Amino acid sequence: MTYEFHWNVVFQKMPELLNGAFVTLHVSVLAMLLGIVIAILLAIAKMNNSKPFCYVATAWVETARNTPALFQIYMAYFGLGAFGIHLSPYVAVLSALVFINAGYLTETFRGGFQSIPSTQYSASKSLGMNSIQVYRYIILPQMLRRIYHPMTNQFVWSILMSSLGILVGMSELSGTTQRLQSLSFRTLEFFIVAAVMYFIITKLVLISSSLLSRKLFRGEI
Amino acid sequence: MNSLFTPLSWNDTGFILTGVMNTVTISVLAIVLGTVLGLIVGFIRAESNKLVNMLFGGLLDVLRSVPLIIQLVLFSTFVGAAGIPLDPFVAGSIVLSLYTMAFMSEVFRSGFESVPVSMQTAARSLGMNHWQTIYHIRLPIGLRAVFPSWLGVALSVIKDSALVSVIGYMELLRTSEQLISRTQQPLEILIGVGIFYFIISYPLSSYGRYVERKMAI
Amino acid sequence: MISIQNVHKSFGDLEVLKGVSLDVANGEVLSIIGGSGSGKSTLLYCINAIEAIHKGKIIVDDVDVHSKDTNKDKLRQKLGMVFQQWNSFPHLTVLENAALAPRIVKKMSKDEAIEIAKKELEHVGLGDKFDVYPTKMSGGQQQRLAIARALAMKPDYMLFDEVTSALDPELVGEVLDTLRLLADEGMTMICVTHEMGFARDVSDRVAYFHQGVIAEIGEAKQVITDPQNPLTQKFLSKVR
């Protein structure tokens, strides 16, 4: 193999790469937060018996689960142009991730809610708790334990999938890597460093998530 | 008429179908290879000692924690730099299969470990030897238990195969991208692409959930 | 006093209570026996307003349980209930299980709630389990926790719905002993039960439910050992 590695070029650009990593985290966190809010609404709509809401929620969930993330990003970036809506790369990737996160989390929330036996509700009621207290102290805390790990996985997935920003010229970690390597032609070096950074980011997220869960949830279920 | 852009026509059918076929081909290949490799690795991990386990675990962890798109770019650049440039289809198949293996091996490992020891003891008490126990008891029971998860991974591979377009493989999404730049009709083309993925994925994912529900009872 | 007056209750087309009338005086222990589907558990749920009724009235201390104007959450504070499945709260320790309702429903201070919870847990013999999570305990211990949790609300009445039916045989005794203890202390209790020995020895009166009506009610020893109604005789000969 005749390829010679030149790492200096990469290290000189480290601030830019770190900035890209920051944008990656930024878009993933935002996509997660917005996804959670929408998923709560969709889950309520799906469990509700009112037909129109239920249909909208089901259509959303199934589209998000059964089409590729890249398709969602293209839809947001190119497809919406047909309606005169032109999104920036950042907003396009963000909205695609929010769309998919919301779809997957809806099922997570619904499953978590339905996994709490209804007897927990009647037992709490028999102690004189009102409905708000039952949810606040009994149902939601138990639900949170059950959806915590799927939510962590969804967050990691968002971080990895935000790398698709490379394809629409977004300046997150992958896009930044792409731009820098095209200026220097040190493709391997730049992408190896990017790979390591992704690995570190996901590991840090997983470790802090498990530390947090130990602090939040003392009991086992 | 603008001479630069020509609208979508029936003449494009062949082009689109090639994209469809390429998506199906690389997905099926990656699912088959990923399943076989994942089965082997999953079994080794369920059987072996801590050290081997950690070694495999670390490697698989990297495959699961680095975005697929980065893996694709890295691999095709690497083989190029090493002087053995690969066709995008071959490079894409290798990366996608290994990526699939990383997830499949976890699925199968949990399946093997879910088979209760008591069942294996029962099999041994009937006079089966180690390999007979594996073949007749652990494999069938373990595999049945993980079918829904296996289907879930397979479906995500079909969707992730769209990413192989970055190294130049003409799968469905790249085909449509080229059509979009020629016709300037992004919405129609993309909706068509979306429907294609949906038609493949939706029945399978519904079936997976159905099986999961049935097994839960 | 709990007064049940001509109560009817249906699930869809199925009428499970067909006009039940019954008074339980303060300090009395009443056991309800009967086959499955006889409506005995449903009656407990109706007394606690967890299930609605379709006809008749249930009065607890001059309060009409099913009236629209009744604050049911407030009413349930004086009616403790223990279920067949113990329904402990798995995310809370034993102590937190028992202290939660006094704190958030009765708005006690944390210290006060914990003090009461500790007292009731010791009462049922769980004094050494405060910081354990319920899923780590046996069914019998979890059922005693459920009793302590209900007692911590200082209820005037206790409703027991087949509290030993889901337990392994060797764990039934410890729970029955706890019920016996409460009966001796003068608690007003309605126990739906399959334990005929318990019904005979501990309760003042026994009611036999058959297909949604009370087929026989009377002094405990008499109903169990010398039933007058042929239906009761048939039932008792089968469960023995």
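For reference, chains read A, B and C in written order, and residue numbers begin at 1 within each chain.
By our rule, a residue touches a chain if its C-beta (ideal position, glycine included) is under 8 Å from a C-beta of that chain, and two chains touch if they have at least 3 such contacts.
This is a predicted model, so every value here is computed, not measured.
Undergrad: Give me the set of chains touching chain A intersected with the set touching chain B.
TA: none
Undergrad: Quick check for you: compute each chain's CA centroid and the global CA centroid, then name the chain with the smallest gap between them.
TA: Nearest to the common C-alpha centre lies chain A.
Undergrad: Could you find the chain whose CA centre sits the greatest distance from that of chain B?
TA: Farthest by centroid: C.
Undergrad: I'd like to verify one number: the distance from the centre of chain A to the centre of chain B, where each centre is the average of its C-alpha atoms, in whole angstrom.
TA: 21
Undergrad: Just give me the whole-number Å value for how far the CA centre of chain B lies from that of chain C.
TA: 55
Undergrad: Round to the nearest whole Å and give the separation of the Cα centres of chain A and chain C.
TA: Those two chain centres are 47 Å apart.
Undergrad: Return the residues of chain C touching two or more other chains; collapse runs of consecutive numbers into ranges.
TA: Nothing qualifies.
Undergrad: In their shared complex, at which residues does chain A touch chain C?
TA: These residues of chain A touch chain C: 117, 119-120, 122-130, 133, 137-138, 141-142, 145, 217-221.
Undergrad: Write out the stretch or stretches of chain A touching chain B in their complex.
TA: Checking each residue of chain A against chain B gives 1-3, 62-63, 65-71, 74-75, 78-79, 81-83, 156, 160-161, 163-164, 166-167, 174, 177, 187-188, 191-192, 194-195, 198-199, 202-203.
Undergrad: Over in the complex, which chain C residues touch chain A? Could you list them?
TA: Touch residues, chain C against chain A: 45, 48, 50, 73-74, 76-77, 79-81, 83, 85, 87, 89-93, 100-101, 104-106, 133, 135, 146, 149-150, 153.
Undergrad: Applying the document's contact rule, which stretches of chain B touch chain A when the two form their complex?
TA: Within the complex, chain B touches chain A at residues 62, 65-71, 73-74, 77-78, 81-83, 155, 159-160, 162-163, 165-166, 173, 177, 180, 185-187, 190-191, 193-194, 197-198, 201-202, 205.
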